[in-house]
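Across the two complexes that follow, chain A remains constant while its partner is chain B and subsequently chain C.
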Partner chain A sequence: MSRSKNLAVKYLTAAVLLFGVMTLSGLMSAVYYINPDFLYGLLHFSVAKILHIDTMIIWLLMGFMGAVYWFLPDEFEREPTGILAAEILFWVFVVTVLVVAGIFTFVQWGPGTETTLWLFQQGRKYIEAPRWAAIGVALVMLVFAWNVVGTALRARRITGVMAVMSVNMAPLVLLYLIAFPKIDNMAVDLYWWWWLVHLWVEATWEILIGCIMALAMMQLLGTSRRIVEGWLYIEVSLVLGTGILGLGHHYFWIGTPDYWLGIGGFFSALEPLPLLGMVVHAVYDAGVHRMKTSNRPALYWTLAEAFGNFLGGGMFGFMITLPQLNLFAHGTQWTVSHGHFAFWGAYACGVLSVCYIALQERRRLVTVNGPGWVWAFVLLNGGLIGMVGSLLVAGMAQAFFERAIGGSTLDAFIAGQENPWFKLGMYSRFGFGLMFAAGYLVLVWNLLALGRREVAVVVQAMPAE
Partner chain B sequence: MIWKALYPGRRPFAARPLNDVNLGYITMPFDDPAFWRAGAISTTVVMAIVLVMLTIDSLEAIAPGGSHVPPFTVVNRHIDYVHNAKLGRDMPVVGEDEPLFGKAVNSPEAEALIAQGKLVIQSRACIDCHTFMGNGAYYGPDLTKAWLDPAWEAWVAITGAESREEAMVRFLMAPDQYATWQRRMPNLGISRDEAVATVAYLKWLASIDTNGFPIHFGRIKVSE
Partner chain C sequence: MSPALFLLTSSLLGIMVLAAGTYALLYGAARFRRSRALLIGAGLAYAMVVLDAAGIVLTTPLAPAWKLLIAASALGYFAIPPLTWRYLQYTHREEEVHL
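And then the complex of A and B:
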């Protein structure tokens, strides 16, 4: 097996492990809402929360990188340029993540000095990692970009999918640089921070996963490259056509001028369109091939990705994106509900799909099926949808009682959090979180055990081919 | 011309000569990926240019002293948040002199206070429990207008302070001692200087025009 694919398997393994850390810290975050005394004075909510959201970003990023390293040698029929650097940086990445997780857990915070920002904590949501670690991540991204673009240049040929991916590497690397400066003015800080968060997540990541899913569809269903590439370009124009100015839905309340209410509201209301396109594409292709594939879990996770992205990112996002409603829903558990559904649908399902694709080739399985993956699929998706529904109930209660009626003061905040519907939402979120965690355990077991018993059969069957 | 450079194929809206196949309809080359590629590039370029233009304008508006963000020396003034009937939304109003701790600061001093306040906010990861302008975590209350929270009146008595800012400083230095609700803020080792800078930061933050978010802050009381 090629070095790139070996590296891919390492990245995917690390991603699945970090997915576990994210799940565990998510469960912990849920416990604080039910029992505020949980680990008080030892490990506060913010630490669990940071671990939860940061590992989420990192495991998805590692998953994307794994996916790209997996498909790269197939696309170019050669090893990626600079594969040695990528192999070394994988371990740099892993060690960095472990050390930062240790710092967050045991050091937690530092005095209000620049040294703290360099060594322990930057205290900006999603990019809490200290600067030294952020430099490491930037380096990893840079080499990743070099691997993709450099290979295309060396191969002296390029496919449409890889061209899109190569161009996409520039904003992916450049936007990450926003993780470094300390900007005193909160309005300006949030302005640029949203370039990183929104334009990464709702633009460059969408395109990256679009490319990955395009490659996956060709492998899973044998869809023709011409169709996949045509769709990918439509996706790109719709994602960027709506998403670049859709950024404006984050500029309603941070101090920016009020023209953003109109611009952000209009363009972000259109943001579900490309996601609807993905659903149409996926359903059409799966239908044309009558769901026939040798890798059922990968196909189902791909479909879950299409539907989850549209429902979670598109519909749940649309629900709160118009400023007239966002004035009340903003910064409540309603946002959390959308966030969970969107990240899960848009990215997590796609990465899991690639995990199964990689496993099939690596373990030389003629077909991938069996009851294990179905259990994982049902528990994870069921748990996630349950959490999303619970958070929606809590969030709506919070929006009405804290924001609309209470006026968002401390007293109003407490009244919202003590509201019976809010509390019910928090309990049921924890319950569904346990279901999700059970799904994770089944998933890991399934990934480990898949095809182990069938290997002998496969090997015997091979000479006959 | 730009379109031709991007897509050398058939023009998108070109009418084709009437024949048996196309029946004279105006057709577009939907089945050609290169057509969509040209669409993707042109859409992205146009949107990116618009975003850059809006960014230049927005950054001017949100610079200290810009149309939406007062200069840092606003910490020397009284700040209120009132409903503007003409615009139909709540807006901050900067009033008479009301310096923090009774001592006015000049521009460089105010800048230093805000810089230090931001360092405290980042080093303690405040945003991972609280929200600023609604952004962050949702475990603690939003801090956008925290300076104006009516609850501080009670905290003046609880902490035995003589002013709102002193009550805030005492709370920030030992939040575990002044817990009033089941969810308690942990002690984050905030020094007095750091607490003073944080209070200044929150006061300045409350003066930013956030297009009416949060709506009717503190005007309607909620009973327990």
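And then the complex of A and C:
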């Protein structure tokens, strides 16, 4: 197996482990809502939440990188340029994540000084990592971009998928640089911060996962490159067309000019349109191949991606995206339910699909199937749907009682937190969170155990081929 | 906007997209299986989209521009599944020619 694929397996393994940390810290965060005294004096709620959302970003990023390193040698029929640097930086990345997790857990915060920004944390959501760690992440992204673009240049040939991915590397790296400057004006700070958060998630990441899924579909279903690339171009145009100015829906209440209300609402309302096409495409692909594939879990996770993206991003997003409604729903558990569903559908399912594709080749399995992955699939998706449903109920109660009726006063906030519907949502979110965590454990067991018994059969069968 | 209308409007928007997704799903399945029953199901799901959009336009306090966007979206939702399907058939036919 090539060095790139070995590196890919390391990245995917690290991603799955961080997925576990995200799940655990998410469960802890859920407990705080039920029992605010939980771990009082030991671990603040905000720290558990930081661990939850930051590991979410990092595990997905590592998953994407693993997927790219997995497909890169197949695309160019050679090892990526700078593979040694990539191998070294994998460990730099891992150590950085561990040290930052340690800082968040044991140091947690510091005074509002430059020292804190450099050594402990920067305080801005999703990019709390201290500057030294942010430099490390930027370096990793830079080398990742070099691996992709440099390999294409060295190979003196490029495919459509890799061309899109290569162009995407520039904004992927450049946008992350917004993690560095310290801006005193909060409105200005948030304005640029959303460039990183939104444009990474709804532009560069969308394109990256689009490329990854295009490569996965070719391997999984044998779909021709012409078809896959044609659809990739359409998807990229539609996602960028609606997603870039969809940024405006984050600018509603942060001190930006009023025209963002119209721009953000309009382009966000268009976002379900490409997702609808994706649903039809998923039905077509599943139908053409009659759900027949040598790797059922990978196919099912791919289909889950299409439907999850539509429901989480399209439906749940559309409920709260128009400014008149967002005024009430903004920043409630309603937004949280949309965020959970959208991230799960758009990205997590895709990364899990690639994990199974990599596992099949690495263990030389003729087929990947069995009851284990089905249990993981049902528990994870069932748990997730239960969680977002619970958060939706809690968020609606918050938006209704605290915002629309109460007028967002402190008393209304307290009344909203005490509301029986809100509490019910929080309890059931925790219950479904346990179901999701059980699904994670089954997934890990399945990834570790899958095909161990069949290996002998496969190896025996190979000389005859 | 009253609290009750806020919840109603938001729910109608969510149901509209959900109905559109159901329409797309059933339309795809109907074309694939050449099933009249599924096609009727798709038609019913799209009727739900139209009814829902009409409900939003007629009963909610959204600004007129947003209501126009909702009505246009409802029309767009109708066109996307057949257009996508036709393009999928076209690309796959091309593939067969090349093979």
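The rule is simple: the second predicted complex is superposed on the first by the 465 of 465 C-alpha atoms of A that agree within 3 Å, B and C clash if a C-alpha of one lies under 4 Å from a C-alpha of the other, contacts with A are read in each partner's own complex, and residues count from 1 in each chain.
Simple rule for what comes next: a contact is a pair of C-beta atoms (placed from the backbone, for glycine too) under 8 Å apart; a residue touches a chain by one contact, two chains touch by 3 or more.
This one's a predicted model, so the numbers in the text were calculated from it and none came from an experiment.
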Original post:
Superposed on chain A, are chain B and chain C clashing or fitting side by side?
Top reply: fit
Subject >> Contacts of A:A399 with chain B and chain C, given as first, second, both or neither >> reply: second
**OP:** Using the touch definition from the top, say if A:G407 reaches chain B (first), chain C (second), both or neither.
**Re:** first
**OP:** Have a look at where A:L273 lands relative to chain B and chain C in the superposition and call it first, second, both or neither.
**Re:** second
**OP:** Could you say whether A:Y284 touches chain B, chain C, both of them, or neither, answering first, second, both or neither?
**Re:** second
**OP:** Please indicate which partner A:A415 is in contact with in the superposed arrangement: first for chain B, second for chain C, both, or neither.
**Re:** first
**OP:** May I ask you to name which of chain B and chain C touches more residues of chain A?
**Re:** B
Original post:
Between chain B (first) and chain C (second), which does A:A101 come into contact with in this model arrangement: first, second, both, or neither?
Top reply: neither
**OP:** Considering only touches as defined above, state whether A:F318 meets chain B (first), chain C (second), both or neither.
**Re:** second
Subject >> Partner chain(s) touched by A:T116 [first = chain B, second = chain C, both, neither] >> reply: first
Subject >> Contacts of A:A187 with chain B and chain C, given as first, second, both or neither >> reply: first
Original post:
Hey, in the superposed model, what angle do you get at chain A between chain B and chain C, Cα centres, nearest 10 degrees?
Top reply: 80
Original post:
Shortest C-alpha to C-alpha distance from chain B to chain C once the two structures are superposed, in angstrom?
Top reply: 6
Original post:
Can you list the residues of chain A that meet both chain B and chain C?
Top reply: 226, 230, 328, 404-405
**OP:** Write out the stretch or stretches of chain B touching chain A in their complex.
**Re:** 31-33, 36-37, 39-40, 43-44, 47-48, 50-51, 54-55, 57-59, 61-64, 67-69, 111, 114-116, 118-129, 131-142, 144-146, 149-151, 176, 181-184, 186, 188-191, 194, 197, 205, 208-222, 224
Original post:
Quick one: in the complex, what on chain A touches chain B?
Top reply: 32-33, 36-37, 40-41, 44-46, 49-50, 109-114, 116-117, 120-125, 128, 160, 182-191, 193, 226, 229-230, 233-234, 236-237, 240-241, 244-245, 247-248, 250-261, 263, 327-328, 330-333, 335-336, 401, 403-415, 417
Subject >> Interfacial residue positions of chain C with respect to chain A in the complex >> reply: 1-3, 6-7, 9-11, 13-14, 16-18, 20-21, 24-25, 27-29, 32-33, 61-63, 65-66, 69-70, 73, 76-77, 80-81, 83-85, 88, 91-92, 94-95, 98
**OP:** Under the touch definition given earlier, write down the residues of chain A that touch chain C in their complex.
**Re:** 224, 226-227, 230-231, 262, 265-266, 269-270, 272-273, 276-277, 279-281, 283-284, 287-288, 310-311, 314-316, 318-320, 322, 324-325, 328-329, 396, 399-400, 404-405
